[in-house]
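After this come two complexes, each holding chain A, first together with chain B and then together with chain C.
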Partner chain A sequence: MFLEFVEGPLWYIALTIFVVGVVLRLLDVFRSGVRTDLAPPRREGLGGALRTLVTRSWTAPGFTRGAAFHLVAGYMFHLGLFVLLFFAAPHVLFIEERLLGFGWTPVPYWAFILAANFAFAGLILVWLRRVMHPVMRRISTLDDHLAVILTFIAMFTGCMALFQHHDSLRAIHMLTVEVLMIYFPFSRLMHAFTFAISRSYTGAAMARKGINA
Partner chain B sequence: MPEVVTEHNVERGKEVLKSQIDAKIASYFSSCVHCGLCAEACLFYTETGDPRYTPIYKVEPMRRVWQQENTFWGKLGKGLGILKEVTEQDFAEWQEMLYESCTLCGRCSMVCPVGNDIAYMIRKSREAFAAAGYTPEGLQGATRRALEIGSPMGITLHTLEAQIKHVEKATGWEMPMDQQGADYMVLFSSMEVVNFPEYIEAIARIFHQAGRTWTISSKAFEATNSGIQIGDSGIARELVSRVVNAAEELGVKYVISPECGHAFMAIRWDAPNLIGRKPNFDVVHILEVLDQFRAEGRLKVDSTTDERLTFHDPCQIVRRGGVVEPQRNLMHMVATNFVEMPDAGVMNWCCGGGGGVSAQEETEELRLKVFERKKRQLNAVKPDRLVTACANCRIILEEGLEHNEMDLEVIGLTELLAEHLAEGDTAAK
Partner chain C sequence: MNKNAKKRTVMRRVLVLILSLVIILPLIPYAVALVDGPGAVPNPGAQLWNEVRQRDGASAGVSQVQAVDGSVFINPYGERWRQFRMQQLVPIGGWLLVGVTAFIALFRLIRGKVPLEGGRSGKLVPRFSVNQRVVHWFAGTIFVIEAVTGLVLLYGRFVLIPLLGPEGFSATAAASKEIHNLFGPIFPLAVVLMILLFLRGNSPNMVDVKWFAKAGGLLKGMPASSGYYNGGQKSWFWMVVVFGIAISGSGLVLNFPVFGQGREIMEWAHVVHGVVAILFITASLGHIYIGTIGMEGAIEAMTQGYVDANWAKEHHDLWFAEMEKAGMVGVAPNALEEVKRHDDIDFKGFGSPGAKQKEG
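Take a look at the complex of A and B:
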């Protein structure tokens, strides 16, 4: 009964809130508009936007040391989560059956374990820094902590569901993922979409001035 | 004529904070994951360890307004009275962080993983603080003098004319004033006129050799723009319009921004947006002009120096202005032993006095503390002389060097080139 609810109505509610919420948030960003830059550019902004979209995935020249923790922990978490989300066998099956109608080859079990370890280690490291580092303590908000906690719970219940093939664990995982999906558009998790916009804006503006940002 | 706001008005400030939130700002706040990496790029944090100086924290009032106006939880929290609106106390507290501990150097904007241009956010926040009357007295005074006298340092045309007479005596040439149809109109910063008049002579000698016509406008010779620094677009527009009007009246092809960082930013990148159109002339930085003369064979030197020279990149000219290679081409032209400091170029560390920080007496202690970063950069290469291209940087560098008892001369690049101009090509004595 509970499994049917979380895999049925609640899933569609969560999916709707997620999709509509994300679209509304993106529209809200663009709604404010940006004034056209009238200064004669050194070069066009589009190339810079695309460039910065890619290059900000690494650090600025000479800044790797200062960003070492962010790079290691950040990539561990994001890459691990990406593999779990899109290449864990149950997720591939779910995407095929419930979302797209087609799937792809999932990663083997050992790769899932590796990705899970990376994702958990990265997330825990990032959160530990958030609660221990004076800068992070100063700038962190409730939203930052909630996002970490909800993501952690969703990942944890997912691993439990995979290790123990039990319907109740699967239902709990679905529920936690749906809570995360509902929370997503209202939170800092939106950076998963808006990072492309902010990188592009800055890349374009700086390119017009002749700088590779 | 616009005036400097000195009466505190928090409601007005909050309204302007709201009005400053454009799509860029909205995407930046939506993207920020509070990773804190920007702190590692800011010399005010790295040299003090004070987390309040984390760049993204400096725009916290704007973030709170954005949250309460643009997000679900923010609107709900505000409606239920859970989230506190930005208060008078917040304005008073953040004034220090926005004006005293930020030079708008933009180094943080180069490292943000989600691409936030934090310097842009700070510049926008300053608009609200200026409208609310929460600005430092030093900057208020400089801005008032710029509006009323025409110069943030209070110098007048008579002061410039006095310096010009010295140049005319030294060179034997008449300086071109208000020459209709000249190729270039040259601007100066007050700092150059008062502290480094040798820049004016260097310009005269270089243009004489290059054979290009140039002029100084008696109506607008001041390039600096306190409106940009204090964050008041109305004042910035008024100041920049004086230059645009004078240059268009004279019908010049180019206006040359002097060795001053924010002046270049004001006249090259902000002016068209402030006046709502592209002016009828192009704006070039003096380094770009000199490099063009070099490339065309109009700038000739007959000597070089084997001194160990290094170059301090002014933030607004290089990282925020896009002039990166000309100064290096010019340095190699006269210096056989030119060495780059660590992080030189677009990731160079600020001198600590830009963005109006040097106009505030109360920042001296902090400025000297953050100069430790420059000291380390210099100690890594141990130069015989330090070259730069911004009069404000030069003053701050000299102050820091003096404080640290470092025996190192600072010189402007234009003057350095003038030192080595080919003898036969100039009549200067």
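Take a look at the complex of A and C:
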């Protein structure tokens, strides 16, 4: 009963809120427009946008030592989560059966374990840093903590359901994922989509002014 | 006697003889065995099952299955391992855990919470850096997850089935097993980070011997001197190193059975893993108690990075004297100052007049 609900109506509700919410948020960003620059552009904006998209994936010179922890732990988490989300065998099957109608080759079990280890270790480390570092603690909001906690719970319940022989465990995982999907558009988790827009905008604007951002 | 009567007599005697032979002949091997001792007469059935059970030692046959232990019909060491697990590890480990918990409860009843004798001074002393605290809680988080799920796997059958029922326990055990195996490989990383960040200052010395002789200053009216780390903290650190390496190594052997390790190696790895886990968890109970609710002002060292000056004076007097001499007592926990002290950000090139010129 519970499994039918979370795999049926609640799944469609969560998916709708997620898709509509993300689209509306992105439309809101695009609708805000770009300020008119009356000065003649010194360089083409596209090159700057692409350049910044790449350069902002690393630390700025002078900050490498201080940001090394975030760089390593952050990439551990994000790359690990990406592999888990799109290449774990149960997820590929779910995408094929419930979303797209086609799938792809999942990663082997050892790679899945490695990705999960990276994702969990990275997430715990970056969150502990957020709580322990005096500056990070002061600039963090409830949204930051809630996003981490919901993501951790969704990952943790997914780990619990790996055995795949207990419907109750799968239902709990589905429920936590759906809660995360509903929360997603209203939170800073939107950075999963907006990071590229933000970097490109900054890069293009700066390039037109003749600055390597 | 007529001819027929003679024939019947002969027949009777032959029958008696055959009957006697039928009864006596099977007894011959037993008689021989009785005279020559056991093993003189081969018993095909016994021999077969002795071979199968490998009572004379492990032996491998020939099989088409190309796998580690693929040609071993029955692993003779499995029973030895099973008996160790059920008759020694589970009961002795259980009593050890219960005993230490009871001891801590008794200590609490008698001693109460170890107070700050001098009260709060209002002055702070920096104790642990951000990185040390992050690594400590990282290791602690993974340790607790592994300990809880490991105990479910070891004791769940006895403790959880009466509470959750067979179905509930089945789901809990399945979830615990997956979590335990998935978080397991993260623990070696935590142990390595712990070693890197906490090794300095943890070498044992004579001060620690005296500290132990005075029961670590935990008894009333018996203060014990110590430096940055006391004897108990140093012991815990070395337990983390030794137990951490043993439990990580044995855990990886069990978690990834794809590197040619056979059942016997796996059984030994399980014995090491189980014994060390029980000792590790038992020792951690003391660490967790005294570091949190057992001693006033102790947990702040790991949550805030600072301790009260009186706490430092009462529990780490030699270190406190050094800090006082260096003018580090009373440092306000200003965020920027703290960041600078921990040296997390490379300030070279930022904030100095020269930096602006370079950027320009």
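Quick note on the criterion: the second predicted complex is superposed on the first by the 208 of 213 C-alpha atoms of A that agree within 3 Å, B and C clash if a C-alpha of one lies under 4 Å from a C-alpha of the other, contacts with A are read in each partner's own complex, and residues count from 1 in each chain.
Rule of thumb we're sticking to: a residue touches a chain if its C-beta (ideal position, glycine included) is under 8 Å from a C-beta of that chain, and two chains touch if they have at least 3 such contacts.
Keep in mind that this is a model prediction, so the values were computed, not measured.
Visitor: Based on the superposed arrangement, let me know which partner A:F186 touches: chain B (first), chain C (second), both, or neither?
Guide: first
Visitor: May I ask you to decide whether A:V135 touches chain B, chain C, both, or neither, giving the answer as first, second, both or neither?
Guide: Both partners, chain B and chain C.
Visitor: Who does A:T16 touch here: chain B (first), chain C (second), both, or neither?
Guide: It touches nothing on chain B or chain C.
Visitor: Counting only touches as set out at the top, which of chain B and chain C does A:I211 meet: first, second, both, neither?
Guide: first
Visitor: Does chain B (first) or chain C (second) touch A:L169, or do both, or does neither?
Guide: So A:L169 only meets chain C here.
Visitor: Now for A:R42: first (chain B), second (chain C), both, or neither, which partner does it touch?
Guide: Only chain B; A:R42 stays clear of chain C.
Visitor: Which partner does A:F120 contact after superposing on A: first (chain B), second (chain C), both, neither?
Guide: second
Visitor: Which partner does A:R31 reach: the first (chain B), the second (chain C), both, or neither?
Guide: Touch status of A:R31: first partner only.
Visitor: See if chain A has more residues touched by chain B or by chain C, and give me that chain.
Guide: After superposition, B is the partner touching more of chain A.
Visitor: Please work out whether A:S198 is in contact with chain B alone, chain C alone, both, or neither, and reply first, second, both or neither.
Guide: So A:S198 only meets chain B here.
Visitor: Can you list the residues of chain A that meet both chain B and chain C?
Guide: 62-63, 66, 129, 133-135, 138
Visitor: Within the complex, which stretch of chain C touches chain A?
Guide: Against chain A, chain C makes touches at 130-131, 133-134, 137-138, 141-142, 170-171, 174-175, 177-179, 182-183, 185-186, 189, 256, 258, 305, 333, 335-336, 338-339, 344-346, 348-350.
Visitor: State the interface residues of chain A toward chain B in the complex, per the touch definition above.
Guide: Contacts found on chain A: 25, 28-35, 37-40, 42, 52-53, 56-57, 59-63, 66-67, 70, 74, 129-130, 133-141, 143-144, 185-188, 190-191, 194-195, 197-203, 205-206, 209-213.
Visitor: Which bits of chain A are touching chain C when the two form their complex?
Guide: Going by the criterion above, the answer is residues 62-66, 69, 110, 113-114, 116-117, 120-121, 124-125, 128-129, 132-135, 138, 156, 159-163, 165-166, 168-169.
Visitor: If you look only at chain B, which of its residues touch chain A in the complex?
Guide: 21-28, 30-37, 39-41, 45, 49, 51-52, 54, 56-57, 70-73, 109-117, 120, 268-273, 276-278, 282, 319-324, 342-343, 346-347
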